[in-house]
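First comes the structure, then the notes that go with it.
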Amino acid sequence: METLKGRTDLAVELREDIEEKEEQGLDGISVVTKMDEKTGVKETRIIVENENGEKLLGKPIGNYITIEGEDLSEGDEDYHRPIAEAVFGQLKQLLEGKESILVAGLGNREITPDALGPFVVDNLYITRHLLKEKIISHKKSISAFVPGVMAQTGIETVELIRTVANEVKPDMLLVVDALAARSANRLNTTIQISDTGIVPGSGVGNHRNAITEETMHIPVIAIGVPTVISVPAILYEAMETMMELFKDLPIGKRMEAWSEEDKRQLSYEVCNKRLAEMFVTPKNVDEAIKRMSYTISEAINAYIMEG
Amino acid sequence: METLKGRTDLAVELREDIEEKEEQGLDGISVVTKMDEKTGVKETRIIVENENGEKLLGKPIGNYITIEGEDLSEGDEDYHRPIAEAVFGQLKQLLEGKESILVAGLGNREITPDALGPFVVDNLYITRHLLKEKIISHKKSISAFVPGVMAQTGIETVELIRTVANEVKPDMLLVVDALAARSANRLNTTIQISDTGIVPGSGVGNHRNAITEETMHIPVIAIGVPTVISVPAILYEAMETMMELFKDLPIGKRMEAWSEEDKRQLSYEVCNKRLAEMFVTPKNVDEAIKRMSYTISEAINAYIMEG
Amino acid sequence: METLKGRTDLAVELREDIEEKEEQGLDGISVVTKMDEKTGVKETRIIVENENGEKLLGKPIGNYITIEGEDLSEGDEDYHRPIAEAVFGQLKQLLEGKESILVAGLGNREITPDALGPFVVDNLYITRHLLKEKIISHKKSISAFVPGVMAQTGIETVELIRTVANEVKPDMLLVVDALAARSANRLNTTIQISDTGIVPGSGVGNHRNAITEETMHIPVIAIGVPTVISVPAILYEAMETMMELFKDLPIGKRMEAWSEEDKRQLSYEVCNKRLAEMFVTPKNVDEAIKRMSYTISEAINAYIMEG
Amino acid sequence: METLKGRTDLAVELREDIEEKEEQGLDGISVVTKMDEKTGVKETRIIVENENGEKLLGKPIGNYITIEGEDLSEGDEDYHRPIAEAVFGQLKQLLEGKESILVAGLGNREITPDALGPFVVDNLYITRHLLKEKIISHKKSISAFVPGVMAQTGIETVELIRTVANEVKPDMLLVVDALAARSANRLNTTIQISDTGIVPGSGVGNHRNAITEETMHIPVIAIGVPTVISVPAILYEAMETMMELFKDLPIGKRMEAWSEEDKRQLSYEVCNKRLAEMFVTPKNVDEAIKRMSYTISEAINAYIMEG
């Protein structure tokens, strides 16, 4: 949840904004959608192809895969299997040929909606030490750790991960983190996988705190699930609904002229400092986080066990 | 959190509304405030004296005591002692002469912001069985239980409490529950104690689901802490801030004419069904609930241990 | 874990003792064993048929079904399905025709190895309130509650359950509780189901604290899992191993003459008071309890969902 | 709990063995005991002075301070203050002049009796990042992390700590870990502080897995609390009690001739493999670990806050 203050960490939500603005072809952004009728699982791949795409979407060049299932936050165990299988399928492609993987479970274990990363690490089937001691003869080696957040450790998370990666020397770094979304419907129902790593804030350009191939010197895959909505994002949404309700009044017309930036600014202004630090979660957040982390670790475990 | 959908369960917040509306004396509502300069603890007693007061405040006739401490949600252990002492002082008055007390810890233990009641019960020093078996020779007998919520038990919470109260036959029932507030500043910083029990919803009149002397046939004291804000309450607040910002525009003038009911209605309309079921909490909610429940159980334990 | 001090709550373990003593037919006890080769699940039904059987086994007349799976405490999810199905099969027989069931989750939620009952209740699909409000049209009504232990409530657990059962008026009471075993191999790998309810201590005769058809006035099914071994039980086992090692020495011969009661007495004597209050658990106890409780609730849910 | 299989990690318990054997002066081991009559806190300093002392005690040259309080595992909050103050006093001496400290919380957070280290880290007041960003102007910088255990990470814990220490470059490493004891009376009532770091197993000599000044290149202080007894240790104790009971029989005389090693060997033999992997804990282990970790973190926080 590094980017909690941002409106959304989801490429699919960022793209919805563009869609509304520009109906012409989007130079530098391509989108492929796949729906499995039987399981109801929807996969969307957004490819940011060039600098123009970066500017449009506010995300660096790379692949952003979204896996969605209507009832992913529900308790129906059987439903999670197709999702775990879809995540496994994507990981298989992205990790192809990588035989040693280090997983970093980002976030704060003591704040439920931020605990996705630590919980995923808790459920992994770790093999690196068993391979080194020749207890098993798998090909794929997996190691993992929970770096904690700076308020708990006093150490920059990025430095901690780089340091451990230098020691373990994996082929690939997999970072798992909780994300912020804009829409209540996507909370705990969507998994985003990208090959660009994690770039805090608006996301484009060179960042000291980024966890990317550039800063880590190995490829980085990021897996995330939106678990919270920020209060300003809620207010922004409400403002858009109000504009719709008011559209025939003079104020409605006036608001239509506002830029997205104006509206975002107002969302912050109508929200006092204390409120801006709160977040919005569904009631079943504890259970939903446990389920989603289990689904992700199951997919990673399946990749490891495969051979 | 029975009344989560309502805007606030706090008598002090309801009174702020009236204050704004009517500057004349409030017939049927009296207020006494006490501030301890040394500890920073503020106690407010709102007395609803008659039916007019009920109508004005939307709460039944009785006493509503609010104990507030600026930094009550913070980790500073020493701060909680004066709060616990203030709660103890109020309980001592309200429970005077009652020698056997049954505590019901309302709420859902698995949803952190709703777990206040169960957590308070976990920390109580229970004496009833020790007295019956003459292991100790205290005068005051305390028993307690956690009824759960209807979604977990399939049984009406009120029926469950009445049934257990009939069996245990205490002099007094003490119910502890998490509340909803309107203001972010009051979350996990305020304790409300009342001698009217718990009445769901708008709170006046005869209710099948009320936990009151009328339904329980013994006096009922309710202790609560606001732990969440509902999303519509956040939107309502934002709307008021916007009205302030827009006050010189025609829309601002128009909005000023809206009744409170109009504004509340709009808050719901700009908020989709899924959002309306979410709630807003501070990040440190897990820790804050643990602290507040500890503070309350310490106050109850002090009353029991006293003799 | 009412009977923690006893050596074992498992009928199968009690029967092993008899086996050793008497090789002739056991009048009043019959045993049927069934092994599913494919799944590795073993079901043993011990029937106590008459008073002689009661005396021999130290358990009241009735059926004691044990479901065992070698690796039941392991993390392999797929393994739990056959176990849950075996439990479902037994429940189906025992509950036949019962349309309204009340589940009581016994034990102390705050002591991990005693939390089986509360955890099972947490995972149940409760229908009673949905049926009453005609939200669903199932035939089977299930309600549930967690009575807590006397140290937490000050109220006799049996009284609390009877009181709630009188209010809810189910056709059948299902009590779930953690048990004590004698053998480390059975911890968290065995489920015992019986139609005699729960009788504390040595188990035969009339008991004020029993949860049985006699005290509850409705049929009672008990489901339990052994989660701890008591320290005296460990010492007793060790003594038997020592006797075996020493069997050619004079002391060994002397010890052979000891009655079971003598040995049990010595186990307590070599064990100081503080040790006698401790218990022995496997390292993975937190995870094992979660899994076993999930397996049991899945079986109960399957019975409810069936129609 | 690296040395769980060993009988005890406590220097005070090892010394009791020697005492029994040799009544003459112990060359190489000196002991100073201090009792605070008012608070009931007892401090014992065992100094291993030379190689002979190492051989006698089975612990490397250095200081072993034990802080004991009869009722340390009990819920009486006030009692913990004198203990925290005693720990603070010892830390002050041992850390003198060290301005930057890295704390490593060893152990497995998911196994309650092994979670002491992680829980201590959870409660620390971390300053390193605040100092770097000049948000506060303390002198003392503290950072912390939870390395996990090899089964969770696949990475040697020692390597992980050395790697992070190389990055953070503290003046001093403080490792916190759960220990094994022999006596039930010391569980969760004793804190051991030593300036020798942590050396797995019997403890003397050069160890690849040791966390010591030799392997870390900075001074190492270890703080531990015994939280479990191993099953073989329980059996060993029982055997000694039996010998006492049998002392007038021929077997008793025979057993007296056994060496400690013989008895230890027998303890393992009468204990099957599965039992040997279990551990013995008091019922209140969850609460006791929380309290003890809070007491230790309070002492460390006091040292940091001091200036």
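A few notes on this one:
First chain written, first letter: the chains are A, B, C and D, and each begins at residue 1.
Just so it is clear, a contact is a pair of C-beta atoms (placed from the backbone, for glycine too) under 8 Å apart; a residue touches a chain by one contact, two chains touch by 3 or more.
All of these numbers come straight from a predicted model, not from anything done at the bench.
For C-D, the equivalent interface among the listed pairs A-B, B-C or A-D is A-B, as over half of the contact pairs agree by residue number. Over half of the residue numbers found at the chain A and chain D interface occur in both copies, marking it as a same-residue contact.
Mean C-alpha positions place chain A and chain C at a centre distance of 44 Å.
One inter-chain figure worth recording: chain B and chain C are separated by 41 Å, centre to centre, where each centre is the mean of the chain's CA atoms.
Residue positions 110 of chain C are each in touch with at least two other chains. On the chain D side of its complex with chain A, the touching residues are 110, 121-122, 126-130, 141-148, 150-156, 159-160, 163-164, 166-168. Those residues of chain B lying in contact with chain A across their complex are 110-112, 114, 184-185, 229, 231, 234-235, 237-238, 241-242, 245-246, 249-251, 266, 269-272, 274-275, 277-287.
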